[in-house]
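Letters A, B, C and D mark the chains in the order given here, with residues in each chain numbered from 1 onward.
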Amino acid sequence: MLLDRYRAVRSFTAGLCKRLEAEDCVVQSMPDASPAKWHLGHTTWFFETFVLMRAAAGYEPLDTRYAFIFNSYYHAVGDRQPQARRGLLSRPTVAEVDAYRSHVDRHMQSFLEEAPAKPFREHAFVVEVGLHHEQQHQELILTDIKHAFAQNPLEPRYHTPPPVASAASARPGWLPFEGGLVDVGNASDDFAFDNERPRHRAHLEPFELARRLVTCGEFVEFIEDGGYRRPELWLSDGWEARERHGWEAPLYWRQADGRRSLLTLGGRLALDPGEPVCHVSYYEADAFARWAGARLPREEEWELAAVRQEVAGNFVESGRLHPSASVPARDGAAAQLYGDAWEWTASAYHPYPGYAPFPGALGEYNGKFMSGRMVLRGGSCASPATHLRPTYRNFFPPNARWQFSGVRLARNLL
Amino acid sequence: MLLDRYRAVRSFTAGLCKRLEAEDCVVQSMPDASPAKWHLGHTTWFFETFVLMRAAAGYEPLDTRYAFIFNSYYHAVGDRQPQARRGLLSRPTVAEVDAYRSHVDRHMQSFLEEAPAKPFREHAFVVEVGLHHEQQHQELILTDIKHAFAQNPLEPRYHTPPPVASAASARPGWLPFEGGLVDVGNASDDFAFDNERPRHRAHLEPFELARRLVTCGEFVEFIEDGGYRRPELWLSDGWEARERHGWEAPLYWRQADGRRSLLTLGGRLALDPGEPVCHVSYYEADAFARWAGARLPREEEWELAAVRQEVAGNFVESGRLHPSASVPARDGAAAQLYGDAWEWTASAYHPYPGYAPFPGALGEYNGKFMSGRMVLRGGSCASPATHLRPTYRNFFPPNARWQFSGVRLARNLL
Amino acid sequence: MLLDRYRAVRSFTAGLCKRLEAEDCVVQSMPDASPAKWHLGHTTWFFETFVLMRAAAGYEPLDTRYAFIFNSYYHAVGDRQPQARRGLLSRPTVAEVDAYRSHVDRHMQSFLEEAPAKPFREHAFVVEVGLHHEQQHQELILTDIKHAFAQNPLEPRYHTPPPVASAASARPGWLPFEGGLVDVGNASDDFAFDNERPRHRAHLEPFELARRLVTCGEFVEFIEDGGYRRPELWLSDGWEARERHGWEAPLYWRQADGRRSLLTLGGRLALDPGEPVCHVSYYEADAFARWAGARLPREEEWELAAVRQEVAGNFVESGRLHPSASVPARDGAAAQLYGDAWEWTASAYHPYPGYAPFPGALGEYNGKFMSGRMVLRGGSCASPATHLRPTYRNFFPPNARWQFSGVRLARNLL
Amino acid sequence: MLLDRYRAVRSFTAGLCKRLEAEDCVVQSMPDASPAKWHLGHTTWFFETFVLMRAAAGYEPLDTRYAFIFNSYYHAVGDRQPQARRGLLSRPTVAEVDAYRSHVDRHMQSFLEEAPAKPFREHAFVVEVGLHHEQQHQELILTDIKHAFAQNPLEPRYHTPPPVASAASARPGWLPFEGGLVDVGNASDDFAFDNERPRHRAHLEPFELARRLVTCGEFVEFIEDGGYRRPELWLSDGWEARERHGWEAPLYWRQADGRRSLLTLGGRLALDPGEPVCHVSYYEADAFARWAGARLPREEEWELAAVRQEVAGNFVESGRLHPSASVPARDGAAAQLYGDAWEWTASAYHPYPGYAPFPGALGEYNGKFMSGRMVLRGGSCASPATHLRPTYRNFFPPNARWQFSGVRLARNLL
């Protein structure tokens, strides 16, 4: 079963890159993004380093120098190509990286078929981590190539999106919660990242959560009300970021002849006021919320709503790769809670009380990033469905805009 | 009574600058620091702008251009000299700033003497804010001049410190707390900043707090155990900061011929292993805690201990201007909780549930800095005693080192 | 005949890129370098813009957006992709750029076959400029890919160099010149760049020129004599560059286990003491000369020697793509004057007296770079033989190291 | 006699700083500028280091640490405070620097009175260098404080300028020169810097030189003709500098309500169209010349005109500290050749043929700056009259604007 999942996840990654030209796979459009080729190699290196080199007797790496090239940030397993310089490496070529993937896949499949029960359990866990890791990079392949294509005056398209059936859109509105002393975090036996654990108590005041994501139309109102020119709406760091980067609208928005359009993975589209806004930073989300007389939800508040709903929505599997206008949710439920766009929360990404990192080098996976980042929840139109959980915590610096990051409002209830 | 306090605070500020040469008052040693002269003017501008211009009929500013020069970051009241360029202004001279202070003091005293009861209450509050504001700048005058002097190969001294009686030092040890559902934040009628309010509930797991601050001697052990060379001890952002700035010890530590010394406001001193370590960043505090098998306290944990103790310690009034070795505390109490060194907490500086900023332009005082900063608690040897409370929240970016910022450890109790 | 030359030059360029993978053609390793793909497109754009669009009736561009992408620095013909961001463009792909080349070649061939005699003369000149322009980019394709490959821990090879017959190497020594009032610059009817004209007079003191280029062995002596640690040998700007970039040897030199090697287009080679040193900046060349008790030649001095010798040497056509040890020159001649390595001169790149730029947009070709650059003479192992002349002036900023730039010494004769 | 000159130069420096407040003496407004206090100390350190420490038996420095603080760029005599950080040093105070000056002056006077004839000649030369060095810093004191004051919204005035008699202004026009083989450079026995020597031959084509400096009125025409928006007028490096710094007019020009004014050492003045333009970079001077259908003179051309005229003009001694409208010159002479504003030449600052630096550490004085700088000639309204000669070469980077640098045009004569 793990083998099946291994095959499924690995081939999904390969499929994502099928639509790219070899040239596309080389480009690194900013230090935060990586070339597609690097994602293909790095996810492979993960299995090689943390499974095959440790557990598969007699495994020989295809090229020992790949360990340097494809290590991302694991100090415990050696030196690495600096992140900002990944785009300088034309070699290994895409074909060579594909050969590397095949080499590792072949050995992983033997390993997974032959592994004896006992010592295997520990490695099975690492394989599980590796698969979730690869799913994270599936999303990054899409957001990184979107960013790269957006730098190109030719405006290349990644794909031709499937037609979307038009439907009645969810009305705005609020969903009330009593709060009080609640349990949050993950306590299940199933896979969860270390940062989702342990389950613990938190106290919440009564609050309400918006029934759907903030739309592009609402964001246009914010802009036209001077949202990007009124410092009183912004956090100080956000205002500085706005000035430094010259932000006047979400990333990928364009304006010409008085008409707004968006760059998407399917090419340039006219702005649809009913779609969720995305590609905003935490600072913009926060400023919008202040302008709207609301605030961003705390991550515990979001989780309280999410545990009551099933993990369903507009994920990468829909093939749309773009947020959709919300469909009315059933009573007591919030629309778009999963998928469409990651939702910035008001919570800094910090350890839960009693947090313990994964043992060994994998302890570097999540724990060392617990400063300077904000939590996002819920997944996006580029997230694999099987990757998400109500307790899942994503995290990015507050000025990051190249993820599918959107806004859900919250308010205090007196 | 407010008038008495006004006179006391204002003259204390002036006294702090008496020991400086005119030349010292001009220097800005880094963008985060300000010239002493600017502190003198800015605190005065605060009263002029928020009290006299609004409430004192017929008040005429001494020089209308000072509003530009001495505004710090209040967008609502106009443009300003960029923070990083305050050190370029040789004028107004120290004497001219003194004249400005006298001008405003004269009018403030009339205002405070003559103010009718009714509409005065609102202004009294602003005066109160202005006095606490000035006390914050008293501390900054000291930390900024310390930083400026440290750039100078002549190693100027700010003062000659009084002799310190040697005493038995507090033993390390831990103070246990049950946690549970607790109330934190300020609910009193007395003055408190908006960021300390409202009082609200938080849930804490059982924990223990170190009985005293981490000492220089303990920090030397960390260094000698490779603390600054082991990435596994550091947050990722902290490791980057360490590499970028070349940190190998706390700020102001020097090493020559195998002997460690410290630059202090009283000149260079041999390192005393029993003194609290200070001038460390959040990242260093966090790395030290990880190395020590502990963690930093959450701000609610710190407050739980602090409400039980009186606000007493080594403050600016002691005239020492340097942390002292801890004196044993009575049973059930923590030494050095107030004074000596600000204590980095594990808490991001975020709004409390239900937070509402001060009305008007004063709403920019605290609220807009609620991202990218960590909370520090307890005051330092440069803080005025009357400025502190158990609920007081100080905040700085995690890489700041020029404040008297130290470390108290905490641990989970199972 | 022009058509023959057109075909020859264009196909030579294409041939240079045949050895590259598609991925190699995308990478821009620093702002000064360009992707091979961009060189292929830009040289094509040159003919499209300056010939076909102006003179070929009814010519239609393949893609009008290429004008933006492939314009280098010609303000007169429109906006352009910023130079430092050429590596962000994965599209057009290599295949698409090839199609662009074919499209333009087809039209250029028709144009050259059919062009009527009269108005053609003017265009023939522009075609000539375009061919010399393309030859310059042939050299840049090689130096830029060499730089890109040097960033890669896999150390890719561009080619397998042909075997070199070992031969007696030229002895060092000096070639004396009387100087006096001499004529320099180009006065011929053949093609020359505007910056080589007009022919004019200069006065030279008696001098002597080294019989061959400075060798790697001699440069090792400089290094081992502390050349990179002695500020007294360096220009002030050079010393700053050395400190900022951490220079300790020429670019592409590596040292491991006490052995020196070089990265070349043919892979890593052990350092050969008899080869000319190259990939040094002007600053290093100047410091070496000072250390050697000599100086760099003025460009007029170099030209005086060069006009007496035929343009022959180790050029790109030899296929070696690396400087060779010098072969003894005949009496009265200097070895390696052409080919092997460009020779830094002591002359700033300034206009000759009476200089007039090419008319129209081509006036931007050379003239606007006449500040901040130093003149290099003689061509290199990556220069096409038909591209050079005794009066040819190459120019680069004094800190540039990625060209095949070497050192010939000169001295005053009393 | 040398003693008289020593006293005169030294007291003139002190006099220049009398008009400054202590606070003014601390500020460093950019890395290229230095605090007045530092100039006072550095010029003193020069005599201490190069004369007293070497030749005055038993001389004891006042404070050995001043050697670090006041060394500018002499590697041969030890380490130094980084140039960009001179403004961080509030100590030594102005009074302490005055004491340092007195200490050195006392010893220098004894030394000059008692020095025996024989070995003294060599030291006399160094004293001479030191006095010319101090005169250079007199000019820098003025240009640096002008720059510092210009950063201040209070617009402090350095002085109240004397009234200027209005006079008929020189008409524009051209002064022809035959050129040919000429001798330039300094061959006299009197003091000259090493960079003015040796006298040597140069060949010049026939040319003409403008009879006066370019005026502000003419520069306004350039601006209004789009001079700062037309890349075809600019060198490539100049256009980049213009974009990077946002240049739209010479430094210190202000525009409000459609009226142009200038910041001067005497405060803000309305722009006088008849005054020479100054505070332009080489790039602006070059662009203006191109716009005017002319060019900048080569330094040899300038010198040819200058040797025929006496060194007279609007120097620092006039007390005006601002360029004056030109007064008609006698036939065959050029107005404003000396004084008013330094004149950018088209010549890179390179060594003359046969150049030999001063021996010892003083060899670092001029020689190591012979790259990346352009030659300026003629002195300015801030230069001491006794400091100048027809052969005098000043030099600054092409983007420098804070000196009194102006423009004289030249043209080729057919």
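Just so it is clear, a contact is a pair of C-beta atoms (placed from the backbone, for glycine too) under 8 Å apart; a residue touches a chain by one contact, two chains touch by 3 or more.
Treat the numbers as computed from the prediction; the structure is a model and nothing was measured.
Steps from subunit B to subunit C, minimised over paths through touching chains, total 2.
Averaged C-alpha coordinates give centres for subunit C and subunit D that are 38 Å from one another.
For the pair subunit A and subunit D, the distance between C-alpha centroids works out to 59 Å. If you average the CA atoms of subunit A and of subunit C, the two centres end up 46 Å from each other.
Counting partner chains per residue, subunit C shows two or more touched chains at no residue at all. Looking at which chains touch one another, you get A-B, A-C, B-D, C-D. Every residue of subunit B that touches subunit A in the complex is listed here, in rising order: 73, 75-76, 181, 200-205, 231-232, 234-239, 282-283, 286, 346-348, 350-351, 353-354, 363-364, 368-372, 398, 412. Those residues of subunit A that touch subunit C in the complex are listed here as 21-27, 29, 37, 63, 65, 68-69, 81, 85, 87-94, 148-149, 151-154, 156.
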